[in-house]
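Heads up, there are several structures right after this.
What follows is a pair of complexes built around subunit A, which joins subunit B in one and subunit C in the other.
Entry: the complex of A and B
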């Protein structure tokens, strides 16, 4: 693979990451966001696969395939299973901020991400590291989604966008963190998502819905 | 035992006990193996301390390392773990007798408590900062279903907030770890060891300051979340009050300090990479803010377990302020407070759990005339509360004195003044609430309190440890001073 093709493909993957995150902000339907999450996971896994192929590094390719399996297949599937049998209004993300304002905030966050990542890009001017601000943007968008969505599963989606962003920075700037850390972190995230899924089920049984505004008994 | 075998014990022993609990059909076997595992952690902590007490670092091939600071934390995990697992046997027996839990749920409880202990040991012993992060997040995962063990609406709410807020905070810390890894590689570290604590320490002066500043900031906020520090402190009282009492003891008494020990490691790194100002200012501001929040919620508190949770928040605020001072005396005092606070909280939460079980409530208004109705629990809670507010002969006294002197040495007298005023208000509220429960007349119709052995033994032992630690000390203060030096104290 030539340096030019590699740079183009990595940029394409980074662009897909950002676009899918913006679309998650735009769409309220949780089933659609689960599909967008799958696209985002595939784009994320493509980055280490591309770097691995270019450098002839088998381990990186394996890591990339694992990332695709986990983030493009397992996580969206877990969310889709939870959504099955839900009533239409339960499938809405229930944002606190309307769509137009959310998209404007997202645009601002992307600019902030580029500003925040300047020290990192200054240190490493490789083509992949120049795309790292996209990871920063995903982190900020994830936090924004987390605080403005009031349905249990939409918070899980937000959490995953945030986590994809961190992994994107790791793969773009440094070819990923050491394998033991990547493995441990992925296992932690997987278990956290499974736990949140189980809790969502319990919430259904106890509250008859998953609206987080129901959670207001414990306060001073 | 070889050193690499020794430092694997605190992680390995609880995992073995977890496996035993998973396959065993006999409650007594899983109960005793859990207690034995905690005692093994404690013994390993003491043995490690004997090897690293003079300032050495010991490490195995690649995953684990131990210094004096890690030894102190392993000792705290083992000591409080032993008290809590002992009390846990009685808690599960009572729940099973009442039909409040099922044998399957009881087994889940025992497995998760041991996984939780192993994760905390890994968090203080791991060599690689990324693995430290994995272990800290694993504590959230292990404790999630422990907080939700009782399956009520409130415990479900507490669990959700706990998992979401802590995961968010800790994920920010992972972002920090990733950025630090990038900086470390650009400072010439090899990719496989770039996150090792000793490699980071030796490369600190080569780390790019702008990149490192962002990484350190994210790690301080992220690991601070798990330590209960402002602004992500809101999960703490809910989770600690809804969890079963022995789990509350572990979360309040040990988990917060384990998370804070990671903050101390980050502080040491920040000091050598960025100069002392950056972490100090953050610790001072968040510490005082945490103290303020905790004290304001202590004053009018109506629930005993929430009172204990906010008192832990208050201690974490004090510890953060002490860490800001950064002198040897202040850090050693901080570690003594960590130790004593862990044991005090075990005594108090285990006692509170017994009272909650008897009364079916943990509301302070429902708990009356405790001293007259149960001299043992009354004395234990009384001693625990007096120990908590830092009166001699209990060990917190020495720790707080050392922190105060350390802060004065570090020219932080104004902050010390503010912290002292807040502490006095907080302590007055604790004594006030405690006196109302313990000394007043019992309300008519209050149920009889029969203290079972699994409650009495850890409570009495805990108070004894506090007195011995406060009066005698032995080689422990020297270990704490070495630990402070290892943690980069000036």
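Entry: the complex of A and C
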């Protein structure tokens, strides 16, 4: 594919990543945020697939397919499994930071991410590297969500946004990640999500809610 | 300042002045049909204006010249905006002052005039509508400026005609993430500025849910006709501007002849009808958001505009 098409498609993928992260901050409905995670995973996987097609590197395409399978299919499925039954219509009821303030903080974080990654972008003038600040923005937004969300599953979603951001920086700023490294990191995250999912289920069964702020003291 | 430009500006003013009630009627008809009603026809706003113009004007006791002159202010500023905004032609003689900031300021003059008139009446509904409208107007200003700024980065100018011309030369520029994000932000901004769903329901008859209608509750007769006409002109200008920022096909240039102007009028009429129909159809599926959540929606629109600006600066392929 031509350089212009590649640049446009990478920009589109990076834009989708950022927009889905902003929508995860905006929407408080957990099922909606799980679906947005799927969109984000698909956009993230598109980046190594595009790089692989452009450079003719099969390994990158395999990495991309693995990323899409894991982050756009498996992780949202694991979260959706937890959101059945009583938890089906879970929402962030009383957030620590209200939505308007969260959106304005997200705007600040995006600007901070762009400022932070100026030295990185200066190293490489390619279109993919110019989109690397989007990965940093995702990392910062993920950390912000982890801090300000109360429900356990929202924090799992936030953790996955953070991990998507780390992967985005890896794919955009470098020439590619080997399959072994990517699979190793992803397996780690997969185990974490599975354990957190099981823990959420046990929490709900025992305490009747997954609001982590309620778990402030030890009980019998 | 060319002859075609002057003629184009005059045609713009006449078209917006005469055609904006038709646009309102078209949006109401689309909504009615989608809701399963027959609707009152696209010419109903004209009949309403004619009826209002012949009615007696009742002025509440204790109001001052503010109440009396606000409708004239609204209609006048809307006519000036219609002359500036590049709908039919990009070579309007007001080009020198046709900046984005000027247009936004003029729209704000109309809003402030109505707010002051509503406060002047001294009624609780007027005060309530005025305070709500002030909140919305204050929050929509940064959103509209940032969103159109994202589009102006590519054109290197905040002059609306320059932005439309730049997009006409390179149509692919609006298909970028920056363009898409700015479009989403601008749709919310247009809904907020013109008082349509999901920010304000124009067809409500419950005073506690009103924003724009609460401000004009005390108006009657010809003054009410002026206010309604001004509101429909605001809708026409904003929807036309949005259509031309993204799809500047058929806009007359600086040296267009009479045929070019006719094509320009036809093109903007078609584009506005299409976009307005889509907006009206979208309105059928959304509910009015609570007033306390309107700042959330407008902050989201501001954030989308800001993301569009960052995308335009940083994700733009240089020289591609």
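We adopt the following convention: the second predicted complex is superposed on the first by the 206 of 220 C-alpha atoms of A that agree within 3 Å, B and C clash if a C-alpha of one lies under 4 Å from a C-alpha of the other, contacts with A are read in each partner's own complex, and residues count from 1 in each chain.
Keep this in mind: a contact is a pair of C-beta atoms (placed from the backbone, for glycine too) under 8 Å apart; a residue touches a chain by one contact, two chains touch by 3 or more.
Because the structure is predicted, anything quoted here is derived from the model rather than measured.
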item: Subunit C versus subunit B on the shared subunit A, clash or fit after superposition; value: fit
item: Greater subunit A contact set [subunit C / subunit B]; value: B
item: Contacts of A:114 with subunit B and subunit C, given as first, second, both or neither; value: second
item: Spatial angle subunit C-subunit A-subunit B, Cα centroids [nearest 10 degrees]; value: 150
item: Touching partner for A:104 - first (subunit B), second (subunit C), both, neither; value: second
item: Per-pair minimum CA distance [subunit C against subunit B, superposed on A] in Å; value: 19
item: Parts of subunit C lying in touch with subunit A, wherever the complex brings them together; value: 176-178, 180-181, 293, 295-296, 299-300, 302-304, 306-307, 310-311, 314-315, 317, 320
item: In the complex with subunit B, residue positions of subunit A that touch it; value: 116, 119-120, 122-124, 139, 143, 146, 152, 155, 159, 162-163, 165-166, 169-170, 173-175, 177-178, 180-181, 184-185, 187-188, 191-192, 195-196, 199, 202-203, 206-207, 212, 215-218, 220
item: Partner subunit A, residues of subunit B touching it in the complex; value: 63, 128, 130-131, 133-134, 137-138, 140-141, 144-145, 148, 151, 153-154, 156-161, 163-164, 167-168, 171, 174-175, 177-179, 181-183, 185-186, 191-192, 194-195, 208, 210-211, 214, 237-238, 241-242, 297
item: Partner subunit C, residues of subunit A touching it in the complex; value: 3-4, 7-8, 11-12, 14-16, 18-19, 22, 26, 98-100, 103-104, 106-107, 110-111, 114, 121, 127, 130-131, 133
